[in-house]
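There are structures below to look over.
Each of the next two complexes has subunit A plus one other chain: subunit B in the first, subunit C in the second.
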Partner chain A sequence: MTATTGTARRWGEAGVVARPLLPASLFYVVFFAVPMLALFVLSFWRANGFVLIPDLTFDNYEKIATSSLYRVLIIRTITVGFITAAIVVPLAFAVSYVMRFVFETRGQVILQLILLSLFSGYLVRIYAWRTILGKQGLLNSTLQWLGLIDRPLEFLIYSNFAIVITLTGLLLPLAVLPIYSAMSNISRDYLEAARDLGAPAHTLIRTILVPMALPGLRTAFAFAFLLAAGDFVTPTLVGGTQSLLIGNVIADQFRGIGSNWPLGAALAFVTIAIVLALYFLVMRLIRWVTTW
Partner chain B sequence: MVNALSSNLLARGFLALVLLYLYAPIMVIVLFSFTTSPRLSMPIEGLTLAWYKNAFANPLITKALTNSLILAAIAAIGAGLMGAAFAFGVMKLAQPRLRQALLAASLLPAVVPLLVIGISLAVLFHGLGLPQGLRNTAIGHVLVSLPFVVLTMNARLETFDFTTLEAARDLGASSFQTFRDITFPQIRPSIVGAALLAAALSLDEFVVTWFNIGNEQSVPVLVWGLMRRGVDPSINALASMLLFLLVCLVIGSNFIGRRNT
Partner chain C sequence: MKEFLRHILESKLNEDVSRRCFIQGAAGLATLTVLGAPAVAEEKKLGGPLNFLGWDGEHGGNVAKEFLAKNNIQMQASFQSAADEALTRFNTGGRGSMDILTPNKDFQRAILESKTELFQPLDMARIPSAQGLFPAFKDAPWLTRDGKTYGIPMIWGDEPCVYNPAKWDAMPEKYTDFADPKYKGELVLLDDPFGNIWLFAKSLGMKEPNRLTAAELEQVVEAMLTVKPNVVTIGASHGDMADVMVRGDASLGIGGWAYQTLIAKDKGVKLVVGSPAKDGTFFWSDAYALAVDAPNADNAYAFIDFITQPESNAALAKELGSGCTVEKAFDLIDASVRDIYPYDNVRQPGGGILGTQIVVPPQNPEGDIVGSAAWVEAWQKYKVA
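What follows is the complex of A and B.
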């Protein structure tokens, strides 16, 4: 008897504690989990013009597996995402290190400035890179005006180079956030002790900084790799015809002429699966290197 | 000594370069919203406000601005309240593992590319028979703002003194009274700060909007349309105004959110 009332009360208390969690949880289930599931189910359907036909067909996946166009686009997307992440994460690591250990108090102000840029104009900043890197853009016209070059540098715009430069600028603040917060848990004493014992800088990085900031580095890599691979606005505005990414094709399947939602859904899931598999592979590799 | 000085200079130079890299695009847009030459190139010939006039002459701008403000208000209130409640609920959980797991789960939408969130919502609404428009977009904005609200609220609540709540309960206050008289007044600035951040995210949101807004307008959708049509200097004026609003919101969010803590 007392046991049951005890349990009932515990459940009652759990109910009270859970109450503030309910609205957001429900919202996440209905508008995040269910849509993902719906997208997955849709990838096995067929489309006839704008009419979606329920089915259980692997045609969409087969089309993706056998098409060399999609293969090229997926490989290019992963390469661009990987290069971007490989630049963003070490850069964010260096920025976080300087803010945390060189300018301790002023580091906070700089962190605020970096975060502010995260919220200031996604479309605007991509467009700005087009005007900076363009053939008659700011960089080329300045260099010509100064007489440093006589013909515009063409590789600056409509290229994978432009995409990586733009994405790095967009994703850097997002990568600084987790790395800096992981580093704020590292005591300065560890570094000083190691330095006093004569450890060179690269040993400090490999044996103290990287292992202790690893959770932050992991999150930063996930942010950079996943979001770079999923962006379609950047390749649209600064990429050329030879640098379309899979996101462009997926976006076109949902909002374009001759769109095909089920095929777009299948493309999205194939890309997500490959990106996630690579992400876990890289994480294994990093763990192996740091424990070694 | 000399070594420390030079490494300090090096660190300073490095950070200055990084900040330049992050802010150069924004500065370029603002600068060229005031120049007479329609081309974004050097040298600068003269200054003008004509592009701002031009931007306001666009017949779509009133509609776009109204819609964007409606969306931002819904995102601020929806994500602000739900996210704050969620962060508070997570803080009160006894098991640290469950706390960590829930927090990580709530941040998931920030790691999924917006493209995937946008199309999956479009699929859901299509399945439910809800035509595209502001309603669907508003739901998308609340969803993409929620992780950031939870994250900032979580950081602010770390300094929250939970023993005052126990004291209130011990003195006989009901859980509603405790919330109304103790909890809410203390966390209100943080909630307002987080809500302003949600408003900024919504105002700037393009990708999820693009797949769910149908034929309606918002400021980023309007800017996108102009960008795709080529170089139009009124884009710079429009973008500068958007940037100004965003910066005000984010700084306001920081300022208000930090009060009392």
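What follows is the complex of A and C.
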């Protein structure tokens, strides 16, 4: 066999392997990569009233770097993303643990119930949270009926608290799926062996459960943090007057008179860059903690 | 089914569009199809596609259903989420594929004044129904340029305060009075930079509230910030504002929509309309316009003429919970919808207050006067503060 035929065969094998990926790859190139590239190019253009002017200017990025408005918004957005992820991931971890090791096979029933919650629309679920958290909502009414409060707790709705709670409710099912899936591969024997050797619960979590469920935790964190940081509908509907996030401002730049598409595009890329950098930083941190 | 799914998708995609959300909801409830109305344009030329890009519901999906079917016209409607979306599409490959557009009055005025290419002058001989428009809409300044007409209004309205009468007897005299701590936790605003800034600029006594210098804009935002502690939330749309008030989370909406009172009534909540006596409010109107290089102009003219007939206009106004623009349509509308709008304004020639009042700032800075982008940024700063 010559070297040429060997290489050709390897390419042929690679082609066979890659072929199933082709439709999805094509889809992503056409509907994700190309629009993103167009948006990136747009971020160097200028807007003059109703007209977009092709250019190669860094003015939009400079404006973002020097504006306290965008700085405040990006920090607030990242904070909301982190807080949401910090609540969602441990909750999802606990739910997954119970499903996997307490309910075992009956855990599937709980999984189906969790999946059921995803059947309702995104907006419907946000409005449902409004019904729960509102001044005259379920929670306030119940607390008043129980005599625990005299007047409605106003911080429950139209606040950053409401955003985090609503996002937690929305994202928890998405976070449970990868963690539960990862935990399904952890044998109960490992836990029992560790317990027999006298390992306390926190050691079980740190040395067995977290490292072995790490791929699921990573995905869950990605879902919770990235989706929370990128959301602008939830802050619009349950956030109050102090709850504007960067997503809202980006959306504003793409609609209506006075919009500025190039600035909106630049804002989107700056946000993506910061959020991704933080995401990878957290991933490194998790890896360091679990191997320490 | 396909049409139904598209209808739902369009409504979701355009969810953020203030009164348009209601329009969609109302469209489902009010199935006022006007039957058997004649097509005025030459029927032999009709048929085929009619491309519509405008506000949701203004394509007359229910009102014109029979007319379109009878004339074999296939309405291909897509809905905008912002006033300038038509221009964006026009300039990014849409030219030659757009027929009917539905600009609001300030956007249409800005386009005509800047001589930006988008609308073509209308051949009024092909829209005889337009003779029946209220005087305010026949020669309105935002619709005409150089003696030519560029739009036929189909609905109008105002943006008053909407409030719960169980909590408030009346509105204060000025918008700046809403800074009073007695309104704490009671106010809801609309996420509309221009409407809000305009109202407060007017309240501060600025002569041309849509033409502000940077210093004046800052002064307006400062005035608005004195009210902010009393604001519960900023509604994404008029529908959202109504929802906040119906739930009892706020009791007073600034820059609301009279139709919110009807929505609330359906849900067993009484809301009424009223505005600060000294400051008043502002008015809007949407019109049908024909895009430059419209490929189906015959269908478009026939459609506009049909929908400007009294029966059609009344049905559309009722479906969209708005004011009618045709005089004879007035008597065909239920008092419940009709009486929520101050029709005296549109009985005056020249556009009345609608003609003199401009809410939207200049697109670009004009000397010391800041442009619309500065208003948007000021509004964002207000929301962040």
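Here is the rule we use: the second predicted complex is superposed on the first by the 260 of 292 C-alpha atoms of A that agree within 3 Å, B and C clash if a C-alpha of one lies under 4 Å from a C-alpha of the other, contacts with A are read in each partner's own complex, and residues count from 1 in each chain.
Note that contacts are C-beta pairs under 8 Å (C-beta built on N, C-alpha and C of every residue); 3 or more make two chains touch, one makes a residue touch a chain.
A quick note: this is a predicted structure, and the numbers were derived from the prediction, not measured.
**Student:** Will subunit C clash with subunit B on subunit A after the two structures are superposed, or do they fit?
**Tutor:** Clash - subunit B and subunit C, as placed by superposing on subunit A, overlap.
**Student:** Quick check on the superposed pair: does A:Gln136 touch subunit B, subunit C, both, or neither? Answer first, second, both or neither.
**Tutor:** In the superposed model, A:Gln136 contacts both subunit B and subunit C.
**Student:** For A:Leu123 in the superposed arrangement: first (subunit B), second (subunit C), both or neither?
**Tutor:** Once the two structures are laid over each other on A, A:Leu123 reaches both partners.
**Student:** Based on the superposed arrangement, let me know which partner A:Ala94 touches: subunit B (first), subunit C (second), both, or neither?
**Tutor:** It touches subunit B, and subunit C stays clear.
**Student:** In the superposed arrangement, does A:Pro211 touch subunit B (first), subunit C (second), both or neither?
**Tutor:** neither
**Student:** Look at A:Ile257 in the shared chain and tell me whether it touches subunit B only, subunit C only, both, or neither; answer first, second, both or neither.
**Tutor:** A:Ile257 contacts subunit C only, not subunit B.
**Student:** Taking the superposition as given, does A:Gly49 touch the first partner, subunit B, the second, subunit C, both, or neither?
**Tutor:** second
**Student:** Who contacts more of subunit A, subunit B or subunit C?
**Tutor:** B
**Student:** Mind working out whether A:Leu237 is in touch with subunit B, subunit C, both or neither, as first, second, both or neither?
**Tutor:** Both partners.
**Student:** Flag for me the stretch of subunit B that overlaps subunit C after superposition; candidates: 9-17, 27-35 or 63-71.
**Tutor:** Stretch flagged for C-alpha clashes with subunit C: 63-71.
**Student:** Can you give me the overlap between the subunit B contact set and the subunit C contact set on subunit A?
**Tutor:** In subunit A, residues 52, 123, 127, 131, 134, 136-137, 236-237, 251, 255 are touched by subunit B and also by subunit C.
**Student:** What part of subunit A is in contact with subunit B in the complex they form?
**Tutor:** Subunit A residues touching subunit B: 16-21, 23-25, 27-28, 31-32, 34-36, 38-39, 42, 52, 91, 94-95, 98-99, 102-103, 110, 112-117, 119-125, 127-129, 131-132, 134, 136-138, 140-142, 145, 169, 172-173, 222-223, 226-227, 229-233, 236-237, 247, 250-251, 254-255, 261, 264-265, 268, 272.
**Student:** Please name which positions on subunit B make contact with subunit A in the complex.
**Tutor:** For subunit B paired with subunit A, touching residues are 7-8, 11, 14-15, 18-19, 21-26, 28-29, 32, 39-43, 81-83, 85-86, 88-90, 92-93, 102, 105-106, 108-124, 126-127, 139-140, 142-143, 146, 150, 175, 197, 200-201, 204-207, 210-211, 220, 223-224, 227-228, 231, 235, 239, 242-243, 246-247, 249-251, 254.
**Student:** Hey, which residues of subunit C end up touching subunit A in the complex?
**Tutor:** 12, 15-16, 81-85, 87-88, 91, 106-107, 110-111, 114, 116, 185, 191, 193-194, 228, 231-234, 236, 240, 243, 247-249, 360-361, 363-364, 371-373, 375-377, 380-381, 383-384
**Student:** Sort out for me which residues of subunit A touch subunit C in the complex.
**Tutor:** So the residues of subunit A in touch with subunit C come to 47-52, 69, 72-73, 123, 127, 130-131, 134-137, 154, 157-158, 236-237, 239-241, 244, 248-249, 251-253, 255-260.
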